[in-house]
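In order of appearance the chains are A, B, C and D, and numbering begins at 1 in each one.
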Amino acid sequence: MPTDTLTAVPRAGAGSGAPTRGAGLPVLPYLLIFLLACALPLAGDNYWTVIATRAAIYWVLVSGLNLIVGYGGQLAIGWVALLTLGAYTASVLAGGNVLPPVPPFAALAVAGACGGLFGLVVGLPALRLRTFYFAMATLGFATIVTQIALAWQDVTGGGIGLPGPALPAPFDSEVGLYYLCLAVAAACTLLSASVAASRFGRGLIAIRDAEVAAEACGISKARLLAAVFVFSGVFAGVAGGLFASLQTYITPEAFTFELSVLFFISILIGGRGSILGPLLGTLILTALPEFAAPLAAWSNFLYAAMLLVIVLTVPGGIAALLDFRGRRARDDDRRVLPDPSRLQRLLDRGESGRGIELQDVSLHFGGVKAIDGLDLAIAPGRIHGLIGPNGSGKTTTLNVISGYVTPQQGGVRQAGAPVPMGQPLACAGRGLARTFQTPRIVGDATVLQNVMMGGHVRAAGTFVESVFRLPRHRRDERALHQDAHDALAAVGLAGLAHLRADRLQHSELRFLEIARALMLHPAYLLLDEPAAGLSADEILRLGELVREISRRGTGVLLVEHHADLIFDICDHVTVLNLGRVLASGTPQEIRQHKEVVSAYLGA
Amino acid sequence: MFGSILSSGLAVGAIYALIGITYNTMYSTSRVMSFTAGQLGMLGGVLGSLFILKLGLPIFAGFLLTLAGCALVGFVTELVAVRPVLKSIEQHLYVLSTLALALMIQQVTAIQWGTEPQPFPRLFGIGSGVLDEKFWLPVAACAAVVLGLELLYRRTLVGRAFLAVAEDNFAARALGLPERHLRVFSYVLAGVIGGIAGFAAGELMLAFFANGPLLNFYGFVPVALGGLGNNRGAVLGGLALGVFQQLANFTVGGVFASIAVFVLFIVVLLAVPQGIFGSAAARRV
Amino acid sequence: MHTSAHDDTPLLAVRGLHAGYGKIRILHGIDMAVRAGEIVALLGPNGAGKSTLMRALSGIIPRTGEVAFDGRLLRPGNPREAARAGLVHVIEGHRVFTQLSVLDNLMLAGYDLARAERGRRVEEALGYFPEIAEKRTDRAGALSGGQQQMLVVAQGLVKRPRLLILDEPSAGLSPVLVDRVLSVAARLREQGTAVVLVEQLVEKALALADRVYAMAQGGIVLQAPAGEPGLPQRLEAAYFGSQARAPLQS
Amino acid sequence: MTLSRRNFVLGSSGALGAALIGAPRFARAASDSIRIGWLAALTGPSSAPGVGFDRGVNFAIQAINAGGGVNGRQLELITRDTQGDPTKAVNATQEMINSRKVHAIWGPTNSGESLAVTPIMARARVPNIHPCVIDSLIDTKRFPNAFRIAPSSTQWDDAVRGYCLNVMKVKKIAVIGDTTGYGVSAAKSCAENFKRDGAEVVYLGNIDATQPDMSPDMLRMRNAGAEAIVVWSVSTGMESRMLNKRADMQWDVPFVGHPSLASGEIRSLVEKPQNWDKVYAVGYRSCSYGADGKLPPHSQELVDRVKGKVRLDDTLLWWVAAGVDAVELVAKAVRETGSSDAKGIIEHWNTLKAYPGYFGTYTYTPQEHNGYPTQEVVMSAANSARDGTFALAPGYN
């Protein structure tokens, strides 16, 4: 196992907003736990071996579920359903009571595949249902699977249940089964960590905390969640098979709702967006009832009480407690000093031709006419300023171009070809990047990770390649890393790469969003009031940066209130009022324009 | 056969509707869907049986003490599980804090009250067979609550303040309305409604600790179908669900009935995510 | 009863006020004052921070710095205390409770008052706006934009303010209705009530106000009596940023 | 300095961990006591039998230890509450075998759990006595260490069928089981046996124990013309709701079935005492009093011994008696083989011929570990409970 992958593996995982590639520090805790786990059976007491086996099996499931709940932010509470499914699939196939008996490991594989399929089925509602609704749906699904297991007597043995798969020679003993489960758990840790450290892991966090920005970066929530639901379903199915072997005999009563709660709480106590936190959470919650045997009846109460305490006091969970690097005190006097020379590698696209044209675009929300027959053009290599009082349709125009709203009339063309309306996901593919009026960032992740999200569509590696860290995945990561460091240096935030994004000041967040947009090597850049909340000299430096970006061939649309910035850097200015063009021309023409002055002064 | 389907269906449906109204009452002033709604229903039955059967109090005293107990649980819910997480509403921490509190309530009840369904006292003893008390009481309770809420919202200033906070929280705060007191009062009121639901359902569903999760799910379905915060939708949705479930119970049998209800819930929700009467989601960007 | 305009201690004194939304700092150290019975206009392009300043004053959003009203320091983040002291803020966007009747909307404005007192004040507020007085039982949602604006102003009047903040009352109103609403401000001044008028329409604001503050980019860039000659030109320069750039030909 | 939230959580979780760590049970030095593991479902659904057995077991342990123990060694009972959950049962069994190194295990009491732990105990060859009735649990080849102290479900089934066909002489039978592991299999085999013996099974159904309203199933049974309702379930809540519904429907039909029909809990759950008439539960000759109201002498001796020490009114004598017999069987094996070695205990039990326990006279051979004699299984009137004993059902000689 080449060292760099090992050091790289948990880099994003050790704690939310985990530190840089640095020393092997983040690997240490995993190695420690793994060595301790290997030594456990030597203590001679098989009881603790069995408990550790159960913890390993639960971690196989939780490591997959963690990507959905911890990283993706989807509240999948009913995951015992897939454990039940995997257990019964493996047992029925291995037991051979319905079909001719299948060798146990093949049965385990089929259980995994079955888990993957049903992971998708359980997960799909997440795409349409709001969080509380989805949580209720998965809970409902969990009760249904148990009841089907009860009712389908001739296959599942109904209330009687059926024996679990009996594993061949070395794994039939407690210690043998333990080492098998430990190996599977270690593999699952590596696989889920490599997904977490890949662009898909970052995509999940983006969906969780900044869904609108994720769309702008071309991260498709549907495709990503579908892949992760299948991935986590496979883990849950395999865990189900191993669980059936550990139990030696399974009945519907074994798959209790408390198990679902245990999986869910171990992730939340462990901490969102982390691998180590939920791993520790799972170990603690599995061992807790064994220590607290006299109050066995109270174990579920303890779980719930722990969850409440964690949610109220440290929402970040154990991971947040352990994440010291991400929270180091930042020196407050640092200033944003863009270095436009670093733009060279990022803006190599230089698209020529007619740029983006809006033709007779009209759009109204209910009775209010937001845009009324607008014609506008963004030429490559030039800055087009858009100003006007509140409610004049500036931001709505930008949202039409980037596909967030669909106009009732008119259309948008790019380089002559018509652009389908209302598809924000597609605009990243067309080389069109944007920023937002209020910065949309992932507070938990580092500045570098936030920026790398911008380059999502430029990477070519598929999900599976990231799972197994195949060459194309590693090439993508290296390219994204390089681009991100260039982009951060270009906007002047190079020193803050490994800080948690929520530690940044407001003005730094503005420049962070621009860096994220640069990751797309954009042909067009749409800026939505980037100067709001900046100090005077920060506005000057922003102006120079935007001018440099446009000089390298990128067409820029600048929506702004700050009239001085507009007149300073724009090649062309359009003034909107009540959704119609009041005036359009060079900055000098606009400054003398009678209506503009009165519209601004409100004659 | 049809008569008993209708009577038990409307009875169970009225209980689900009341739990739906409990959800809505909490939601209107805090934008939080709390897992404790079903537990309040369960406590209505358990406390009622505790006060009247175990402690032998007169029925009316037992009823009032039950409502007081549930009101206290409502107060604690707001204090412990809602107020601390309100500021991070978009992180949906409220789902976790209310789930944790609901689980704690359920475990304590399971340990102190036992895990077998305990008997619930016979209150008035009026009616038998299809018109037995345990069938018309929940429907009467539901009607009484709906009427009571209508009076509260239409006649009293506090009720109108509720509607104002529910419609435009920011404007209500700017106008100087005591937003926190109103939220606490709405959670206490939700506790009382949940208590009434459980008490009225006592004879039908007995004093059973596992009624909590059952009511949580089946009380949520009418809210989801009817649209968040919409009591009229909750009552219609609840009654329809109750009759559908009993119909499935009679025709297909217990196990498949709950599968049928769940499938219906998922299909309708995927088709109409914000519910039949609900409003579409606001502009995102 | 018209209090003397030249009382030395101002009714409202603001020193070193900072405010914003979360990380975004909008206001950078605001100092201003309003005397009893005075109409002050607050002008400036949008995005300058006018509404943020008013919300910070009335306690709807958190703030740092001092806000003294009638000699007493107001606690930040407490709109109820400010209202009880007499500082009433009618927020922009005529946000009425559409489900409730006109009367209910007004009753809610007097939520803390005794029933009788509340009734009296509601009638008193309706006295200013006969147009909505006869629609008192209609649902507020059924009213036109202008009538809704009158209703929210009336809600402010129910609290018998000593200082009334009107935040962009003219937004979305026809010129006739704008004059109608602004005339109420003039009547209030006669009764000694101070008014802070946040306005986009400079001419109408200058015609009504005694004094003017102009804001740009989160700071006060100009303060002057309303009648001062050459004021419009000075405002224009203030809006278009620092003079160094490209001074407007006057 | 206000206690920052982070220190508070670190402090409290640390303290919680320390307090708990203090009480782990790593393998302690093997003291000379005879350790008996007891897998008890004391809480959780269908915990009624567990509570009854527990009283008998504790009474027997104290009685033997008071009398000087066995060959001078005291008996130590290690109880783990499995809550009827197979996962907790597997953990508890592993702890008893590996960590506490028990000499014999009594329990578990529910079928779902026992199906999970029996193979584990067999692999460790730990002597195991249990009262679970599912037939597949006893297999002298696969589980030579497992012995059943109670009758098997087949023996219960034979007794119920015999009473319906030969004593009550009814032809149309309705069979109801709950949805636990036990309920499903018992109802299925019962229906098949009735058909084999020429009766007509007009209705066969499994009801979830938590189903609040029994009218759907009761109405279907009446419409099918059932003359007797056979019930196989441990859920007293469900059974009482069926009895109440029978009274509501004014339907004169006898209930016959699982011993839990006669449990004290049902008295508090039926709305009127007469709702409990014409209900006949599986009983045992040793725990039934005849028309003269007297118990068999050996059983009366146990009732007298436990008087004042064990409450009998809210449970069943056979649960208590079986608990006592189990402990005494272990003590007898250790006393007569002279050691607590597992092989010795198992071999000793294999030689028992009509050993007079309080609950039954047990006979085990290396090929047959169902020790309870079928003829001692009788029907008893469910509502005739008196200190856990019942009147023989009408029609017995």
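By our rule, a contact is a pair of C-beta atoms (placed from the backbone, for glycine too) under 8 Å apart; a residue touches a chain by one contact, two chains touch by 3 or more.
Everything numeric in this text was worked out from a predicted model, so none of it was measured.
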{"item": "Those chains which touch subunit B and also touch subunit A", "value": "C, D"}
{"item": "Of A-D and B-C, pair with higher C-beta contact tally", "value": "A-D"}
{"item": "Distance between the centres, which are taken as Cα means, of subunit C and subunit A, whole angstrom", "value": "44"}
{"item": "Between subunit D and subunit C, distance of the C-alpha-averaged centres to the nearest whole Å", "value": "79"}
{"item": "Interchain centroid distance [CA atoms averaged], subunit A/subunit D, Å", "value": "52"}
{"item": "In subunit D, residues with contacts to at least two other chains", "value": "43, 179, 206"}
{"item": "Two or more partner chains touched - positions in subunit A", "value": "150, 297"}
{"item": "Listing of all chain pairs that touch each other, if any do", "value": "A-B, A-C, A-D, B-C, B-D"}
{"item": "Footprint of subunit D on subunit A - complex, ascending", "value": "44-51, 54, 150, 153, 158-161, 163, 174, 246-251, 253-254, 256, 259, 288-294, 296-297, 309-310, 313-314, 321"}
{"item": "Contact set on subunit B toward subunit D in their complex", "value": "1, 4, 8, 12, 110-111, 115-119, 122, 128-129, 132, 204-206, 208, 210, 214, 246, 249-250, 253-255"}
{"item": "Complex contacts: residues of subunit C adjacent to subunit A", "value": "20, 23-26, 45-47, 199-203, 217, 232, 235-236, 239-242, 245-246, 248-249"}
{"item": "Residues on subunit A engaged by subunit C in the complex (per definition of touch)", "value": "389-390, 438, 504-506, 509, 529, 532-533, 536, 561-564, 567-568, 591-592, 597, 600-603"}
{"item": "Residue numbers on subunit D that touch subunit B, as the complex places them", "value": "43-45, 47-48, 179, 205-208, 210-213, 215-216, 219, 235-237, 240-241, 248, 265, 268-269, 271"}
